[in-house]
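In the two complexes that follow, chain A is the common piece, with chain B as its partner first and chain C second.
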Partner chain A sequence: MKKLTLEELKKIKEKAQSDLQARSPEGKDKIVVHMGTCGIAAGARETLLAILDEIEKRNLQNVVVTQAGCIGLCEYEPLISVQKVGGPKVLYKHVTPEKARKIIAQHVINGQIVTEDVLSTE
Partner chain B sequence: MAERAHILICAGAACISAGEESFKSALERELKEAGIYEEVKIIETGCFGTCDLGPVMVIYPEGTFYIHLKPQDAKEIVNEHLLKGRVVERLLVKEPELKKPLPTINDLPFFKNQVRIALRNVGFIDPLNIEEYIARDGYSALAKVLTEMTPEEVISEVKKSGLRGRGGAGFPTGLKWELGRKAKGDEKYIICNADEGDPGAFMDRSILEGDPHSVIEGMLIGAYAIGAKKGYVYIRAEYPLAIKRLTSAIEQARNYGLLGENILGSDFSFDIEIRIGAGAFVCGEETALIASVEGKRGMPRPRPPFPVNSGLWGKPTVINNVETWANIPVIILKGADWFASLGTEKSKGTKVFALAGKINMTGLIEVPMGITLREIVYNVGGGIPGGKKFKAVQIGGPAGGCIPADYLDTPVDYESITSLGAIMGSGGLIVMDEDNCMVDVAKFFLTFTQDESCGKCIPCRVGTKRMLEILDRITKGEGKEEDLYELEELAKVVRNTSLCGLGKGAPNPVLTTLKYFRDEYIAHIRDKKCPAKVCTALIHYEVIREQCRKCAICFKNCPVGAIFKDEDGTYVIDQEKCTKCGICFQVCPFKAIKKE
Partner chain C sequence: MKELSLHLLDLIENSIEAGAKNIFIEINKNKEKTVLRIVDDGKGIPEDVLRDITNPFTTTRRTRKVGLGISLFNEVITNCGGKLNIKSKVGEGTELISEFPSNHIDLPPWGNLADTIYALIVTHPEINFNFKIKTEKGSFEISTEDIKSKLGGDNSFFDPEVIRFIKSYLNQNLGGIGI
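This part shows the complex of A and B:
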């Protein structure tokens, strides 16, 4: 391997830092996928994978994805909630992988809630 | 794919011996089974510090902290936490005082009361991946030094920070470097002292296992400051994991051109070699260490000349402790003023301690200088288990001393600790409760130093032996009152006339216990009693006749047949035959055996 220059050190740092970002939820937009048994049966796994894929593709560094259990609204599964920093927590219903990609583009990136899919806002 | 969770599993020595590896393979198996192996990242880190709770791990981004992990827990963690997002409550810490489980690592009082500088990355990064170190500002201090600072400026920054050597004596690091820079000679050396001979101490090992690059970077900066091209890490053979991780870190640094010729495109060149020691306590002493690196027997020599002027192969050599080196990059990056704002007037920054003994959270901690012993024992360490009474802390290792309860509010800094007759040492901190016999404690440490004496000088070789004989007599109930006087006199002679720090420090455990726990010595001598009921020869077991239910359990369990039945069927202990093993005391279901 060729010797590192200062510039390259900085580049490695930036890249590696975004990798470590995954270890801290603070100051980041949060996406929670509800993964109760009901959610998984309704396809929450595929939704989650689509979300991860979209985040990777768009190189979104300020977003953390976590899972949560069933919240008793099984008929609306798959459910995800999105909360941008400082914004309301928005619960989306029947989130298919396609809808998930749309929510990321429209809500997470552009800050516009995808109103037709919203179940509740708090 | 972007990972949605990072799982950091502690691969410190304590967690490994508690079964970390088999848990990790079970976890990997379960992740594959569930088809989510690709979605999470598993990283093995250095010691988290919570060694008592091991094996432990944290799942990020939430920071959920799981403890006492067994391979059979892996399935539940994968199915519940990782698939369904439900925390597995039964694997969380249950803080005794809070009575409720604490879900995340940041909520633990153990971590909340710490300030981590030397341990900044230990437990948070993958020690085998240089890029994770770089991500946490690693090698940025080196870059700053090489592009923006002269060696003199580096030295003045370290001086201004007030950093003192963490290997025990607390010599100002910046001053040592200045002497090293000024010393005459073209060839100079840097040494990292990773001998860590104190029984019970594992701070330095944990830094090397958990964040080896911080030490390498510190050494690079030191080498630049004093003008050295070559460095050695002296580490004991008993630390194979530390050696392995350090070796791999050195290789990676070389591959990245951070060690070797023309580092980061500058005209500064430096490389590091590892030297493995056989693990003799005296080899941690700097002149003995240097002899050992040279391939000679590790024996100390009189100083001066000091190593900064005539060290390795007679050349100027700056030798610092692992923790000292690990502090350097942060001082350079955040500045001397920031560092000096932590701690007390004369003791700046933080200190890493290995907490052990009668304390709820044994493990590794880093706290600001000036914190009181009470805060360490009760806030960080969670207090004494089993509602027992605190008796003393033994601080500073075999050359350290015992500090009694009256001084719990003493701030931990070099001067305050020394004024009580102990030393800061390299960071061993053993908590003792009412069940510890202080005469026995003094004997334990003196036995260690006596064993480890290199034998070169008479006060240390013979003096400690005579002291030990006296202590031994006292613990056997054969002591005389004059013994205390003789012990004290001998201790002073050994302290004042020994050649190196080993002999000079050896009397400290004896002197401090004599000073603060003299009544315990007197109880042994005059009353032939060991108040803590530790010294076997002075313990006496007896059956309490009224309480004996004649169940014969003691009779059946006595390994030497010292228990017999008298006329009315009550059991009796034959004091002549009794070896005081204490088995009858432990097995009696009716508490009918008295221990005195």
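This part shows the complex of A and C:
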């Protein structure tokens, strides 16, 4: 396989010019993955990768994923929070890659909170 | 942590937590030894904290979450005969340099370095990362500024197509240099 070069990214941009312009993070659903030391040790990177994978595969245009630091709740790591536009901010605990995929399908896409994994709601 | 690439992710998270805007990461690995260098322009670590940052008894306290990862990493590499050096100036930034044998029996494998870089780059568009990785098999370099300029200065490159591209780009280009 021919190796990808960064030049090819330009083509992606040109192709998607119109939606690149609409790429401001406001007005998008937000997912935050907590990346403290315990989070990473508990598998937060794999959780984050599963989230990115779902976004990529399902072509979710309206979601932004960011990372945040530790919030001092080591025993519940990996932790992620999900906030849909206009909805509450929901903190999920012990988010394995499998749970993350479920949260995307059920909460992010269908708007139904996955209650059994919720740690708190704001 | 099972992989050095997870330690690396954690160390870089410290820089981010310290408010760094530019983070330079260099890995130089040959048959005998590996040198890892992380330079950031974050707020720096005060001297008294720096003095015992590698000590797990002072850094695992709940009140000091940043640093726990440094002591874990320090423990791993000193067990392999490696060493860790941190220079920091409050208000200027921090430089971490670590040198350790590349193939010590107790050294965790690098694991998926591409995943660590990918995870960092796509979720922190506000930070300029510059990764330089060199092994006997070749070298690889990526900077977020390059990506941004290819995207026309776009600052929020969170888009399914863009993240897909970055992921394959990293896997293909980093795969060949064997780390």
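The working rule: the second predicted complex is superposed on the first by the 101 of 122 C-alpha atoms of A that agree within 3 Å, B and C clash if a C-alpha of one lies under 4 Å from a C-alpha of the other, contacts with A are read in each partner's own complex, and residues count from 1 in each chain.
Following the convention adopted for this analysis, contacts are C-beta pairs under 8 Å (C-beta built on N, C-alpha and C of every residue); 3 or more make two chains touch, one makes a residue touch a chain.
Just so it is clear, the model here is predicted, and its values are computed rather than measured.
A.B. asks: Which of the two partners, first being chain B and second being chain C, lies in contact with A:L119: first, second, both, or neither?
C.D. replies: Neither: A:L119 stays clear of chain B and chain C.
A.B. asks: Using the touch definition from the top, say if A:L73 reaches chain B (first), chain C (second), both or neither.
C.D. replies: A:L73 sits against neither chain B nor chain C.
A.B. asks: For A:A105 in the superposed arrangement: first (chain B), second (chain C), both or neither?
C.D. replies: neither
A.B. asks: Once chain A of both complexes is superposed, is A:A41 in touch with chain B (first), chain C (second), both, or neither?
C.D. replies: second
A.B. asks: Show me the chain A residues, by the header's touch rule, that chain B contacts in one structure and chain C contacts in the other.
C.D. replies: Correct list for chain A: 1, 3-6, 9, 12-13, 15-16, 19-20, 23-25, 33, 35-37, 40, 48-49, 52, 55-56, 64-67, 69-70.
A.B. asks: Hey, which residues of chain C end up touching chain A in the complex?
C.D. replies: Within the complex, chain C touches chain A at residues 1, 6, 9-10, 13, 16-17, 62, 65-66, 68-69, 72, 115-116, 118-120, 122-124, 146-147, 150-152, 154, 156-165, 167-169, 172-173.
A.B. asks: Quick check on the complex: what are the chain B residues that touch chain A?
C.D. replies: By the definition above, chain B touches chain A via 1-6, 8, 39, 41, 60-63, 82-86, 124-125, 131-132, 134-137, 139-140, 143, 147, 255-258, 260, 262, 264-265.
A.B. asks: Chain C touches which residues of chain A in the complex?
C.D. replies: 1, 3-10, 12-13, 15-16, 19-20, 23-25, 33, 35-38, 40-41, 45, 48-49, 52, 55-56, 58-61, 63-67, 69-70, 72
A.B. asks: Along chain A, where are the residues that touch chain B in the complex?
C.D. replies: Residue positions touching the partner: 1-6, 9, 12-13, 15-17, 19-20, 22-25, 28, 32-37, 39-40, 48-49, 52-53, 55-56, 64-70.
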